[in-house]
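If you scroll down you'll find the structure; I have some questions about it.
For reference, chains read A, B, C and D in written order, and residue numbers begin at 1 within each chain.
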Amino acid sequence: MKRTPTVGEILQAKGVSRRGFLKYCATTASILALPPTMIPRIAEAIESARRPSVIWLSFQECTGCTESLTRSATPTVEGLIFDAISLDYHHTLQAAAGDQAEAARHAAMEENNGDYLVLVDGSIPLANPGFSTIAGISNVDMLRETVAGAKAVVAIGSCAAFGGIPGADPNPTGAVAVSELVTDKPVMNVPGCPPIPIVMTAVLAHFLTFGELPALDKHGRPLAFYGTTIHDRCYRRPFYEQGRFAETFDDEGAKAGWCLYKLGCKGPITYNACATTKWNSGTSFPIEAGHPCLGCSEPDFWDKGGFYEPLSTGNFDSGAKLAGAAAVGAALGAVAATAGRRRQAKYTKEG
Amino acid sequence: MTTTETATARDYPFHGNVRPLLAEILHAVDRLLDTGEPTTIDLASLPFGPGELAYLEETLGTGELSANLDALGSSRIRETAFPGVWWLEHRNVHDEIVGRFVEITRTPEILSSQDADITAGRARLGDQLD
Amino acid sequence: MDLLEFARGPALQWAAYILVAGTIWRIFGIVLLKEKADFSEPRARGGLGAALKVIYTRSFTANPFKKATLYPKMLAYVQHLGLFAVVLLFVPHIMFFEGFLGFSWPGLPNSVIYVLGVAAVAASIALLVRRLTSPVLKLISNFDDYFSWFVTVLPLVTGLLIPVRPGFIRYEDLLAIHILSVAVLMVWFPFGKLGHAFLVFITRGTTGMVFERRGAKT
Amino acid sequence: MTTVDGRHAIDREAERLAYKPPEIRHDTQGDMSTEDRVEKAMHHFVKNFNTQTASYLDGCLHCGMCADACHFHVRTDDPRYTPIWKLELFKQAYKREAGPFAFFYRLFGFKKKVTIDQLEEWQHLLYDSCTVCGRCSLVCPMGIDIAGLVSMARHGMFKAGLIPHELHEVAKRAAETGSPLGITPDKFEDRIEWMADEHEVEIPVDAEQADVLAVMSSIEIQKYPQSIAATAKILNAAGEKWTFRLDGFEATNFGMLSGNPEWQKEATMKLINAAIKIGAKLIVLPECGHAYMALRWMGANMLGKPLPFKVLHISEYLSEALDQGKIKVNAVDTSVTYHDPCQVSRRGGATEAARNVLKHLGVDFREMEYGGDYNWCCGGGGGVVTITRADPLRRRVFKLKMDQVEKTEADELLSSCANCRQSFDDSQEYFNWDYKMGSLMEMVAENLEEDGS
């Protein structure tokens, strides 16, 4: 087996100076959401990190995640990481197709058995494996076969992480998340619809740098990016505390950039890095653009009530059923009072 | 509609994220003076509302010294109007900003020549003499 | 279904059914009991006006009793007004009510709500201490008093913890616990002494009608 | 402060009256089995539960503020004297038997059955230590009429034969002889004759037809007979066509105080029938507090329809007569404070009448601190004055009244209730107190402008 070069060696080969390396480490720390005090450790780790093999599987998905990733990968400094990554299989991006592509996948699996990383976007249909196949192989079979020799699995996007849109009620394909099928390997979820590009590359960078998955939350998401809510880091948070809310999308409050809570913002229960990392190379994020957060990085976000229903709205039927409850109460009350009266009549008779 | 026109980012009260940051910088300066310990603040990790970053940059202003670094894209290292407080902006080869830091230090580490580079430079210089 | 969804959905829904059914049950069970006519010659008009008058006037303490009841009364005012403000004037709560009422009203800034909420909790604790130490209250208190106290204070505390966000618990879990604690409150509400919230209109009202009619002190 | 032996300080502010709780004495009447007593009590508790009482019993918050309004609690700090606690058994019966959730209370045993031990214990709380003065009803933030509930709870106690002997004896005598003090019609007639002679006043008795029926309290007939003469003087001076009736003269109602609705109705019906017989347009009630409650506010309900005549307390009558100029009084140069009978003022609504009379008398009227509707009770109402075993407690409670009166520094103390007067006289004697209670009516009678008639 060929010895893969370390990242340090790759950078050196590219003629990057030590100063450039330091800059690279600083920006890497920044995208990994690690404190600047971690920079020396990152430098140390990166110098000796070895280029990993990556296999990317796409199942029931819309390619939005790949789109998002590619938006990030080329122009930014972390593109360098991709120079350091051997993306051996990605049927959307790779030139090879058909048997050739599958052969590449098998070759990568064999060469890097036990060391490679599997990235998955899209959910896996279980109702009928025939709903989604690649090269005649059902998604579930391909996943099982591919992760067998993997070091870790990363579920990219809400579909792979939680079932996403295919898994939404009534879930006609019986779509499930990767984590439901892969139980014997470390699985990291990078949800979002799509996930923030820089978050995708950052978690890969983390794996590359430290050779392991970062710390995860209860939904398997890297804490560095999914550790705080949108609400907690939202620049509009002070308006929430002051009780200044946009009531409609075109009122003065909306124009003045007030809190979007009343318009259904799911920021308070959504764990993601949008508010700080932002999108499109740090340009903006939905709330900054005036739209409430949909909560796309949370499990089952499609089925959690209306996007424009305020978070504190009770999720229950009122009206008729409550009237029914009132009628039941009235009947019980009448029964109780009648029983009381009967008792009185009886006692009066008995004296 | 006039209200629409006036309701631009500039007119909003700032969202309150700049003041605490300035306070943090102040404390970092104190720390630098007291113990010599430098501080680096990654601006990417902080939530900024529209215009706030620009406001911060404006508030810190421009000092006596600024430097350009050309490695993996350009970088600008500038001392702000407050000595010891540095503004660092890293760009990639496509000239897009990939990192912004405020460093509170006497000299940002990245300005110093690195041993590895000195060694490599010495080798090249030696080659020229030969 | 996660905890929050359960809290916001079935838990609240059933709590609302029980709240409505239990309240009507209790009211009907009382008003459908026999009521004797009063044939005595009235000195003054009783009726609804008298009922409304006393419903209002009994919110305040008569002068002779002010000194003796000052401490618990003040605490009760803080507790009640704090509760009203927190329940009815906190914007997310208003949103909640708007969700099924279809209309809303202006709220208070959150910071004001937090202060009022903390004051209400403090007053409740002081009232509990009083209940546990005063010989009179020790004697007359029963399970209902302590349990009602608990289910009233619980949503206040869980609600106030949400902005504090202790590190060991996530926002949505805390929110779910808050909503569940409200559901518990709603379920208990009609059955225990918390029913005074609606019974007060009947008790004060009846007394108003009977005693105003006599021209007697109400 | 001087110390005599250097160890024990002399505390001049210390209570002179040490309170000793009355000896526990559980009286029983009749020979029922224990089970029967409990059942009777329960049945006659339950009969009282209507919308009003149910809301009261369901609405209590256990805030305990009624304790601060009750003279028995204020003077003893005994938590059992908390007014609502006196109703605990009544409440217990309600929750188990008639409340909206009675089924569950019984099913799960949330409220236990009332026991004989409890009933015996509560005898002291429902009788000895409650004068039904209704001060607690005014402090209750829920507006619960606690005093009214006590009256109803007594029904169960009476029927179970669990009331204090003295009160039972008095009530029984009233039922048997028509008067709690055994004043038979003959005795009443004797007294009328005596008073007519002594005071040289014409007193009509048993007129066939009259506009006004005057009635008396046995306490007056027995202890303060001059009030018979005073009543006559006033009604004569007012030019009323009035009479006493030997078949309906007793205004007190110990059936009501002891808790026997039948006896209560009997006593009330005597007055109503007498008034109807003579075609009276008005019954003037004597200086008696509970008589006012019994006839003015409960009378019509005993009859089951509105009364065909008006009912006035003597203070109300005087107030009207003076306003209308039917009688005139000479100015009296003295300072007066007035003790309000609870059932007439606070619970009866006639608070202003006495004050108007005092205004006509031109006295220097000194209202007690929180007088009128918030007046402290004499301590003897609700039948308590008859219960001798409760005397120490009643006298201890009276201290509040003494302080209230003394603070006014008035020359004279008046009231308009013979029952109050009796407990004042008792305590006055016991304490050698400076104030002797007088009668408002008698003061008017003594100062009638002769030529005005």
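Note that in this section contacts are C-beta pairs under 8 Å (C-beta built on N, C-alpha and C of every residue); 3 or more make two chains touch, one makes a residue touch a chain.
Note that the structure is predicted; figures quoted are calculated from it, not measured.
Q: Return the distance between the CA-based centres of chain B and chain D, expressed in whole Å.
A: Using C-alpha averages as centres, the distance is 90 Å.
Q: With centres defined as the mean C-alpha position, give me the chain A-chain B separation in Å.
A: Here chain A and chain B have centroids separated by 31 Å.
Q: Could you work out how far the Cα centre of chain A sits from that of chain D, in whole Å?
A: From the centre of chain A to the centre of chain D is 79 Å.
Q: Mind checking the centre-to-centre distance between chain C and chain D? Centres are C-alpha means, answer in whole Å.
A: It comes to 37 Å between the two C-alpha centres.
Q: Could you say which residues in chain D touch two or more other chains, in rising order?
A: In chain D, the residues touching two or more other chains are 49, 54, 98-101.
Q: Multi-chain contacts only, two chains or more: what residues does chain A have there?
A: Residues 332-333, 336-337, 340, 344 of chain A each touch two or more of the other chains.
Q: Touching at least two other chains at once: which residues of chain C meet that condition?
A: Within chain C, the residues that touch at least two other chains are 25-26, 28-34.
Q: Can the chain contact pattern be summarised as a line, a ring, a star, a complete graph, or none of these (other)?
A: Looks like something else, not a line, ring, star or complete graph.
Q: Looking at the whole structure, which two-chain pairs count as touching?
A: A-B, A-C, A-D, C-D
Q: Show me the residue ranges of chain B that touch chain A in the complex, using the header's touch definition.
A: Those residues of chain B that touch chain A are 3-4, 7, 9, 12, 15-17, 40-42, 44-50, 52, 69, 71-73, 75, 90, 92, 94, 96-99, 101, 109-110, 113-117, 120.
Q: Flag every residue of chain C that touches chain A in the complex, lowest number first.
A: 2, 4-5, 8-10, 12-13, 16-18, 20-34, 91-93, 95-96, 98-100, 107-111, 165, 170-172, 175
Q: Please output the residues of chain A touching chain C within their complex, sorted ascending.
A: 218, 229, 231-232, 240-243, 245, 261-262, 268-269, 299-300, 304-305, 309-319, 321-322, 324-326, 328-330, 332-334, 336-338, 340-341, 344
Q: Can you check the complex and tell me which residues of chain C touch chain D?
A: 25-26, 28-41, 43-44, 54-55, 58-59, 61-65, 68-69, 72-73, 76, 134-142, 144-145, 191, 193, 195-196, 199-200, 202-208, 210-211, 214-218
Q: What does chain D use to touch chain C in their complex?
A: Against chain C, the touching part of chain D is residues 49-52, 54-56, 58-65, 67-69, 73, 77, 79-80, 82, 84-85, 88, 98-101, 137-145, 296-301, 303-307, 310-311, 345-351, 370, 373-374.
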